[in-house]
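Chain nomenclature is as follows: A, B, C and D, assigned in order of appearance, with residue numbering initiated at 1 for each chain independently.
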Amino acid sequence: MRQDARARIILKQTWGSYHLLRLESAEIAREAAPGQFLMIRVSETPYPLLRRPVSLHDRDGSELEIFFQVAGRGTALLAQKKEGETLDILGPLGKGFDLKAARRSKSAVLVGGGRGIAPLYFLGRELKAKGAKVAVLYGGKTAADLPVRKKFEEAGLNVACSTDDGSFGFHGFVTGLLEAEIRQVKPDHIFVCGPDPMMEKTATIALAHKIPTQISLEAIMGCGFGACWGCVMRIRKGDGGTWRKICEDGPVFAAEDIIWEKPA
Amino acid sequence: MRQDARARIILKQTWGSYHLLRLESAEIAREAAPGQFLMIRVSETPYPLLRRPVSLHDRDGSELEIFFQVAGRGTALLAQKKEGETLDILGPLGKGFDLKAARRSKSAVLVGGGRGIAPLYFLGRELKAKGAKVAVLYGGKTAADLPVRKKFEEAGLNVACSTDDGSFGFHGFVTGLLEAEIRQVKPDHIFVCGPDPMMEKTATIALAHKIPTQISLEAIMGCGFGACWGCVMRIRKGDGGTWRKICEDGPVFAAEDIIWEKPA
Amino acid sequence: MTPDLSVDLGFLKLRNPVLTASGTFGYGLEFAPFLDLARLGGIVVKGLYFGPREGNPPPRLVETTGGLINAIGLQGVGVKKFAEETLPELRKIDTAVLVNVCGASDDEYISVIEFLDRHKGIAAYELNISCPNVKKDGACPALSADGTYALVKSAKSVSRRPIIAKLSPNVTDIVAIARAAEDAGADGISLINTLLAMAVDVETRRPKLANVMGGLSGPAIKPIALRMTYQVASAVKIPVIGMGGIMTGMDALEYLVVGAKAVQVGTANFIDPAAAGRVVDEIAAYCETRDIAKVADLVGTLKA
Amino acid sequence: MTPDLSVDLGFLKLRNPVLTASGTFGYGLEFAPFLDLARLGGIVVKGLYFGPREGNPPPRLVETTGGLINAIGLQGVGVKKFAEETLPELRKIDTAVLVNVCGASDDEYISVIEFLDRHKGIAAYELNISCPNVKKDGACPALSADGTYALVKSAKSVSRRPIIAKLSPNVTDIVAIARAAEDAGADGISLINTLLAMAVDVETRRPKLANVMGGLSGPAIKPIALRMTYQVASAVKIPVIGMGGIMTGMDALEYLVVGAKAVQVGTANFIDPAAAGRVVDEIAAYCETRDIAKVADLVGTLKA
């Protein structure tokens, strides 16, 4: 965990509201693991004030990739950055996915929705390298929300897609694909990242089938490294559940430990 | 006086910390007169919050020019704008120079210091067009602070320069040049814009020689069009002097009416 | 279907909930070149004392992060000049005109009201008991419940027009002050005035304002203003007009949701002289896309 | 010639005037990866109750223009775990460690102090009588002079260490509260804590914080905090520690010029985890270029 105030942008790709940036940041890249994230300073001015959390999409030697969708002010500013410019980043942050638990897994299913696909590419490649059989389920609102599908395929990871409007792949939610997948070959590990309702639904399915499942959560973050206590969710620790920091104890948690609350 | 939210930047020139932008803004250009100014939105974000006042440096048909020096956050942002981008501007604002008073003047002297040279180019061309004999005295800290000297000469306005460090022209303040000028041919009208101390000194000299003198003042401005009452200075109106709005009643005032106060 | 933007303050019906905040919209006419004044819910003109006022020496303004500190000190033309020169022009405009009433003493507030009561074309008085730029350290009647009660009471006793008490945020218990105004018979409450603030030039070791302290406004203060608007709207029965940092229609809607029946746009007018009109448009657009037939239905809908 | 940055609070000498603000620097060690903690004037650790605390439900944070509203509700580990696990680590760091003392009742404040008094490595207690996120509508002892006096008095009566009273900005008369703390025997005063604030999601009609209201911090509040620091430093004899929106060395110097002997860096630590160290560097650089031999000579030099 360190600060790199001058991580250079060496590649930028854009698909509509989705963007990919490749960054040169040797030390952070060296320490990086799937499921970890960066806190990125999107402006030198006090507006917006806070850094923005973005997952590690890939790591290759001294290079990192992030993949993000414009959601508001901060990500819009990030989307304006150009190749050659530098970013002030903190990372790698968080615990990331538990690969030890997954190492023994012969068949892992990765379920990603929208921007939630970001951490699953880095994860998929690592699992594949470790010899696991990996299936990726990639859901989006429309065909335009599946920009990195080909990228997964080019990495030798086979991808099944779903769209809410049926414009590409399975017509429906990605959780539908998961249920189908489970009916065929019951995976022995599931990894999930996406919108809260999709993650909650996935958790329910996985728990019903007693499949060990790791979920990467999102929360509004003040610092990203455990100092502000702003990013909590209710997580079981044997106990009935206490507020734990997503940034430090997570962002990845076991499905059975997450207590999903209705919005305030 | 109107708003043009999309004035296009059609030319940009840069000399160190000095910048010139040519804007396409037909209606504002049509109404523009020397000594008037624009209020420019330098950022779409709330930082910095207020518009920044900048004088009209020139007007040519539907085109306007501004010439400014980076002084802080706002002008730094303005300096980053590129050709083809648009600016949100209000103008033309203020009363500008009284050319009627100057019309009869056979010989006018224009005294500009640093960024204060900005409004004098537009003024000089207008006076020349009206058949007045125009001498420009242009002062800067160093030779690098006289970027538009040539521009004046190319417009057929002869320029005498001074620098505080003697790196170009007369070694000393531009007020020294003025005193010399007055000793040779007493001008029948003086126009001044520059740092407060320089303007105050010029006023003293001009009043001593009883030469009608118009001075373009600066003040921190909240609105630029008379609504906030934030930009006042003490100005005589026959009376002992009351707080009057620089943006609306000025920014140009007769030297004898200005009451120079020590800073708060 | 175009939404119904009208709101009813009881003592006054407004075309829409968007007024301009006193001191940020001059006497109104300054903005005619930039927007159609008749599109506004109303105009609150600059604070008026009985006589003309000098105001504070410059510098009077300093910009801060997301905010503006001002120490204008209510320089103005006084009621006579206003009634003779400005009011006739404002009468021609089809919008509600409210006058922000000031006074160095209780008597002066009364004289301003008595004088203006004799002139047509004023919808209500906004009693400025909260200007931080007149007395030392921001002292003003709105800092105490008693001071507020006394002044509102005497204003009501003479005024033939509705009285809106404009409150100061520089207090421990805004609800107590609001209740005092209500008990004294105020027809409505508007808040917030500016927060007492200062800035320093390290190089010169001088305050950036000649007056040393001034009032902070702009987006920086919106979270504080919204909180106070919510507390007051939840506590009093008379209509509440909220303001503080409103730059967009969405900002204005936040105030309606917490219980304000109307809002005032202030500092935004300097940055974008058409801001108040834009806020009206953005509110209308929001209601349209969300099928909200009456903007008044949004008032006080906060789920807390 | 490198300037002398040390400042003397009387009860405590600091290497430099830059402390980190409670709750924005965790328990200190979280920042070790980002800066050398020994370069700081001191660390004020996160507010401690006697026992561990749950804190408020999420969402706990919302960003505003130039500001951050938080409603953490002082989730924390309690004094025992702190004394056993964190304090030993902090002792190894050559910097002043101050503990921000909290309590749901006067008794709890006392028990926290009595417990910590038995442990080495604490330079002083900062009495957090001003957290707006614990009781309803931001109620806390620092909202009244009496409440402040009583709590500071009882804390002083038991504590074997200096007591700094941390004041709330949500008051009408900050000077009266500061004087009450001074009269009660406080060794120093720190201010400001956060301003009670809120934000609303118009789409869902819900507050953006589960706790509805929270405390506003960051650059947005600096002009208010600086004003209060100036008022208090001008009124009391005990040393004043100023904070609110400090992002740079120049911000910190503004506080010194108005009379603060030291400052605390808060929200800036989240945005730039090395901020406090950078502020120290920027203060040193300023003094060097301006030939200021002792930064302490800048304290209270405002020409007003």
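As a convention for this text, contacts are C-beta pairs under 8 Å (C-beta built on N, C-alpha and C of every residue); 3 or more make two chains touch, one makes a residue touch a chain.
What you are looking at is a predicted structure, and each value in this text was computed from that prediction instead of being measured.
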Most distant chain from subunit D by Cα centroid: B
Centre-to-centre distance between subunit C and subunit B (centres being mean Cα positions), rounded to whole Å: 36
Subunit A and subunit C, separation of their C-alpha mean positions in angstrom: 47
Subunit C and subunit D, separation of their C-alpha mean positions in angstrom: 34
Separation of subunit A from subunit B, taking each centre as the mean of its C-alpha atoms, in whole Å: 55
Residues of subunit C touching at least two other chains: 65-67, 204, 206-207, 218-219
Where subunit A touches two or more other chains, by residue: 46-47
Contact graph of the chains (line, ring, star, complete, other): complete
Interface residues, subunit B side, partner subunit A - complex: 45-47
Residues of subunit D that touch subunit B when the two form their complex: 65-66
Subunit C residues within the subunit B interface of the complex: 23-26, 30-31, 33-34, 46, 54-55, 57-63, 65-68, 70, 72, 75-76, 204, 206-207, 209-210, 218-219, 247, 267, 269-274
Touch list for subunit C against partner subunit D, complex: 64-67, 69, 137, 143-144, 170-172, 195-200, 202, 204-207, 212-213, 216, 218-224, 226-227, 230-231, 245, 250, 253-254, 257-258, 286, 301-304
Residues of subunit A defined as touching subunit D within the complex: 1-3, 41, 46-51, 90, 219-223, 225-234, 242-243, 261, 263-264
